[in-house]
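First the structure, which I've put down as structure tokens, then a few questions once you've had a look.
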Amino acid sequence: MNRIELTEVITANRISRGLTWQQLADAIDRPVVWTTAALLGQHPIPRPEAEILVEKLGLDTDVIPLLGAVPVRGTDRDVAMSDPTIYRLYEALAVYGPAIKELIHENFGDGIMSAINFSVDIDRKTHPTGDRVVITLDGKFLPYDWVSGD
Amino acid sequence: MNRIELTEVITANRISRGLTWQQLADAIDRPVVWTTAALLGQHPIPRPEAEILVEKLGLDTDVIPLLGAVPVRGTDRDVAMSDPTIYRLYEALAVYGPAIKELIHENFGDGIMSAINFSVDIDRKTHPTGDRVVITLDGKFLPYDWVSGD
Amino acid sequence: MNRIELTEVITANRISRGLTWQQLADAIDRPVVWTTAALLGQHPIPRPEAEILVEKLGLDTDVIPLLGAVPVRGTDRDVAMSDPTIYRLYEALAVYGPAIKELIHENFGDGIMSAINFSVDIDRKTHPTGDRVVITLDGKFLPYDWVSGD
Amino acid sequence: MNRIELTEVITANRISRGLTWQQLADAIDRPVVWTTAALLGQHPIPRPEAEILVEKLGLDTDVIPLLGAVPVRGTDRDVAMSDPTIYRLYEALAVYGPAIKELIHENFGDGIMSAINFSVDIDRKTHPTGDRVVITLDGKFLPYDWVSGD
Amino acid sequence: MNRIELTEVITANRISRGLTWQQLADAIDRPVVWTTAALLGQHPIPRPEAEILVEKLGLDTDVIPLLGAVPVRGTDRDVAMSDPTIYRLYEALAVYGPAIKELIHENFGDGIMSAINFSVDIDRKTHPTGDRVVITLDGKFLPYDWVSGD
Amino acid sequence: MNRIELTEVITANRISRGLTWQQLADAIDRPVVWTTAALLGQHPIPRPEAEILVEKLGLDTDVIPLLGAVPVRGTDRDVAMSDPTIYRLYEALAVYGPAIKELIHENFGDGIMSAINFSVDIDRKTHPTGDRVVITLDGKFLPYDWVSGD
Amino acid sequence: MNRIELTEVITANRISRGLTWQQLADAIDRPVVWTTAALLGQHPIPRPEAEILVEKLGLDTDVIPLLGAVPVRGTDRDVAMSDPTIYRLYEALAVYGPAIKELIHENFGDGIMSAINFSVDIDRKTHPTGDRVVITLDGKFLPYDWVSGD
Amino acid sequence: MNRIELTEVITANRISRGLTWQQLADAIDRPVVWTTAALLGQHPIPRPEAEILVEKLGLDTDVIPLLGAVPVRGTDRDVAMSDPTIYRLYEALAVYGPAIKELIHENFGDGIMSAINFSVDIDRKTHPTGDRVVITLDGKFLPYDWVSGD
Amino acid sequence: MNRIELTEVITANRISRGLTWQQLADAIDRPVVWTTAALLGQHPIPRPEAEILVEKLGLDTDVIPLLGAVPVRGTDRDVAMSDPTIYRLYEALAVYGPAIKELIHENFGDGIMSAINFSVDIDRKTHPTGDRVVITLDGKFLPYDWVSGD
Amino acid sequence: MNRIELTEVITANRISRGLTWQQLADAIDRPVVWTTAALLGQHPIPRPEAEILVEKLGLDTDVIPLLGAVPVRGTDRDVAMSDPTIYRLYEALAVYGPAIKELIHENFGDGIMSAINFSVDIDRKTHPTGDRVVITLDGKFLPYDWVSGD
């Protein structure tokens, strides 16, 4: 079994056992976005947390080393983008991505927002015209810096 | 002149005149992300604001109707993604997009975060390990709803 | 079994049992386009309806939670477009899509026709030169609106 | 000047002259979707209508033969799909296209909805939860029929 | 078994049983191009013909409903085009396609040659410099016609 | 001026001068499909014919050597395929291409229909249900033959 | 088993049995490039040669008809090009392809080098600066010739 | 002027002046394939040869430094492959590329045929069934060799 | 003038003036890889350095603000990869990229080598079998770290 | 089992047995980057080393000939690039690739850095602002040289 096949089993077992992502995150005391992404194959899961999750999800314990290995990250873009819920995020980048770039440079200088020293949070905010999804992307600013190890 | 050519002129004039996006946003009293995106060709700009911006940027007044027309939105994805600053945003979606989808469904039900009834904000947060870029995507939740006009 | 494999089984069983989509829709008292799309993996199916459909289609009852989960929506575009019946719909968008955009903006302002608060209907109309397929796309107009949750 | 360049001029002149598509359609007494599509380069425009439109739009009369020639139809899909207003139409096909195919076959037999013997209409319907865009695609059913001219 | 898997079985059995496409077409008294395309998964095959073919090809009778269902038509273009015999047909379109379009319009007006009310024939013609393959594409002319069902 | 730019001028001049492709073919006594394809940049045009065509189309005589040079043949597939009239030809190959391959092999053996020793003809055939476009592709059969020059 | 699966078995058995392509070619007294290509699924193999090869490679005799059928030729270009040894051939075409075209036309006139009436040979030549791979592509010149079968 | 624009001018001037590639190669005493490729923008041309060619082709002498600079090599693959004369070379690689790889490894070991220490030659060979184009690719064998500079 | 057009002018002027990249780097006392990349449009150039370079390259001083603006970084991959010198770098990643990933994780843990806090150096090393190009990529290790700004 | 399936088994066994790449490299006394790449399917592994690795990884000894065969090298670029750790390498090429090309030509002349006579090394360097990954690409310079074997 490779990590992609393992993710399919995790997905199926979570649904058939009626577990929420939040319950799984609570069980290991980690942020829910991190936990969900990790179970979907995007982060290695340390042994203690993996042991708990394997038990909750009814997985074989010999997948624990595989859960702990650094995965090949990423999502097939064509598949992901065909889903309307995910597509709206790509659409936001198509419309606002260049503006975000300009304002990062204007406010921080030449560099990037790290996607490695980084976290994502999702919140629900009430609003008179209907509840809102609020997604916060929070990454360290990294300035372009020509450093060599010598 | 079409809108894409106009955006090139705006970009060039802003640089040569040494104007910040924030100064342009302040001049029309609009949020800076909206103003930047609009000047980059992603939103129509109403006449009063257009008149101010045209003057600031040294544009010909006969571009005002073009600035006011609804543009064909979007960015050439291959070009946008080749830039490291913009790429990090796409990378975050590749790693966390499916997790975000799962959690929108878990917390709100079947539906999407609107990218139309929507806003984006960029903030700078200080942090002991280095300042952080915080991008907030804020969109109304729209449930899948099979409604017909009859 | 994942949702894509389940859709293959549904497709095969429907043909071998000689059931029409209309019969399946009638059994659960839902619109036929919605029912067909849902069974083809595009919408979650609530438990009561899923129980009926599982029985009609000779499926195992343990697929009911999977039918009830929000699916990854969408269709492989290359496959779908190679079919002449589906292609004509894409061709109509290639020829008339930009005109539809212009007229939505002219009649409603800057915004979109929602594909979430949305329904599709198919009718047969008689006509002297041959019967006609009439497809109605009916979606709520959503104006571009820069709203933040704060 | 080729037809694509001519479309750019038409687009620019329409905006700068403040003409609506409906006014142009009324001037030649043709349906507004047809007129808009034709002016965007998707249909040949007969001489009498072309003469009126050329005058309204301030074009040179020697473009009349070009407006009357059958164009190379279609839209660059990547450009068109990056616009959110147009994208929602493609999204509807991604979600409902295979269902529409199934139901055309169930109700009419093996064949297609013609996109040639075809019309499109856009309406505004009021609804308690907000006005709706209603797009009607109306095409002759063409059965697969193995006919040879001999 | 889905239709694509069934086509693989048909292809394998035809070769191992040493049957020609012409023999199969003769057995059901249908044109050989139609029969070959249908067995390769491009047309539904009515029950009487399907019963004969299933017997000839040593297939299980429970595939008869699947053979009778309208298939998702089309061929993976990249695979098909890599074959030199098929590629020459695409090459002919690359060289002569725009000329064919011009001459359809010159001789028939604005419209298309239907690929639905359509037949294909292949012949062998002798010629002093070597025998020739003659492929005849024969489709009804369909004029662009803006008809609505109302 | 390169050949692509020259083709644009030819196309524009033919329309503005109201010449049909048939008239141009008659003027040089060549088949009309060949003449149309050649003027669209797909074949070199010998000097005597080029001199006639240059005069008819109001071109400068110094383009005659360029018309006589072997062109880089072919058509941008994405552009060509977006046109419904051309698309139907590609659709016919998607549906019938593999069947044509099978029957070429069954009737002629392993090899191809040449697209070089080749001609195309377009005819109009009357038919009780509507006139038909009949396109004949006629190419020499070339058997796979492992020949070396030594 | 289809031809692609058969090629995988041939590849595996050849390696595990320690057979060279040359030994296989010698066994059937055919050129080694032809034999290798045929065993990799690019040419039909006549029964007498197939019987010898099946025995050498330890294949089941019932694959002989499949080896004798005309295959769908070609190689997945992305896979093939990722291999450095194959890529150098594509690189040579990227750098020299247009020059080869020009010189075929200059020396032979308008036409092509056939890839059907064609052979390939590979030789080893010694050279003071290191041994060289010499690949000879040898194909019949086919002039563009507008011939019809009538 | 960049190198691509310069190549267009060279191409046009060569045709209008009626020069053959062979004449240009003779004028600088270089192989004709090298000369053609170099003039098509694939190799730097040293000053002495550039001076002769500039004079022959009626170019401005200030392009000599540009002709002498190392170019960005390569050809747009989609454009090149649409031409039937060039396509046959790609087809040969699709059919014989993997076989060539196998035989390079069998005869030389693990490594590649260099496309840098490399030459191409084109010959005409007479043959009873028609003259043949013989293209010789001749490159140094480079074994995979894990060498480091330390 | 935008940055891409400016890069074309820089490239042309450098060649016609016979300046080396090293001379330009020395003039501004910066590393040569950084200087070359910056002049090719990949880094903003501060005013003091820009003033020197503008003078050396014979550019207009009003391009100094454009040289100082943060550019849209990146290279058109298809163009870049068609060049054999650049392609070898991509080939090295195709062959060794996954191994490099594994060893970064084995030696540093889960994370990346930064391409922002990063430098590149090129050296020439002599070697008995021929001089060697030695390219050193030197980037700070960034561990995956789930940090939020709150 | 083909080489790709074998690589999956190697990957899984290495993780479940808790072996590091360095341990495997030490066992066969080869450089660790070479060993990792070879085990990931990029290099043939000679029998003595293969025997040791097969034992360490718990593989069947009959895979030794397959490990010793020259593989089809390369990595699916879309998959590889979606991983952030690998992507940074591609990003470095997008930003610095053209500069590297220019400087190879400036320092060595027209030619390439070989990726065949080549090695890769990864080091860890300490640095006041954080440890650094240092990747050294070391390849023989190969000058463009028009050599023929005659």
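The chains carry the letters A, B, C, D, E, F, G, H, I and J, assigned in the order they are written, with residues numbered from 1 in each.
Basically, a residue touches a chain if its C-beta (ideal position, glycine included) is under 8 Å from a C-beta of that chain, and two chains touch if they have at least 3 such contacts.
Just so it is clear, the structure is predicted and the values come from calculations on it, not from any experiment.
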Shared interface numbering between chain I and chain B [over half = same, under half = different]: different
Distance-maximising chain from chain E - centres being C-alpha averages: I
Distance between the centres, which are taken as Cα means, of chain J and chain A, whole angstrom: 29
Distance from the mean Cα position of chain J to that of chain H, given in whole angstrom: 31
Rounded Å distance, chain A centre to chain F centre (Cα mean): 53
Chain C-chain D separation of Cα centroids, rounded to whole Å: 23
Residues within chain H bordering two or more other chains: 70, 72-75, 77, 80, 82-85, 91, 94-95, 101, 105, 111-112, 114-118, 125, 127, 129, 132, 134, 136, 138, 140, 147, 149
Touching pairs among all chains present in the structure: A-B, A-C, A-D, A-I, A-J, B-C, B-D, B-I, B-J, C-D, C-E, C-F, D-E, D-F, E-F, E-G, E-H, F-G, F-H, G-H, G-I, G-J, H-I, H-J, I-J
Of chain H, residues touching chain E in the complex: 82, 84, 87, 91, 94-95
Residue ranges of chain F touching chain D (in the complex, touch as defined): 8, 11-12, 15-16, 18, 78-85, 125, 127, 129, 132, 134
Interfacial residue positions of chain I with respect to chain J in the complex: 20-22, 32-33, 36-37, 40, 42, 73-75, 77, 80, 83-86, 88-108, 111-115, 117-118, 120, 122, 124-125, 127, 129-141
In the complex with chain B, residue positions of chain C that touch it: 31, 34, 43-44, 70, 72, 101, 105, 110-112, 114, 116-119, 121, 136, 138, 140, 142-149
Partner chain F, residues of chain D touching it in the complex: 1-2, 62, 65-66, 69-70, 72-77, 115-116, 147, 149-150
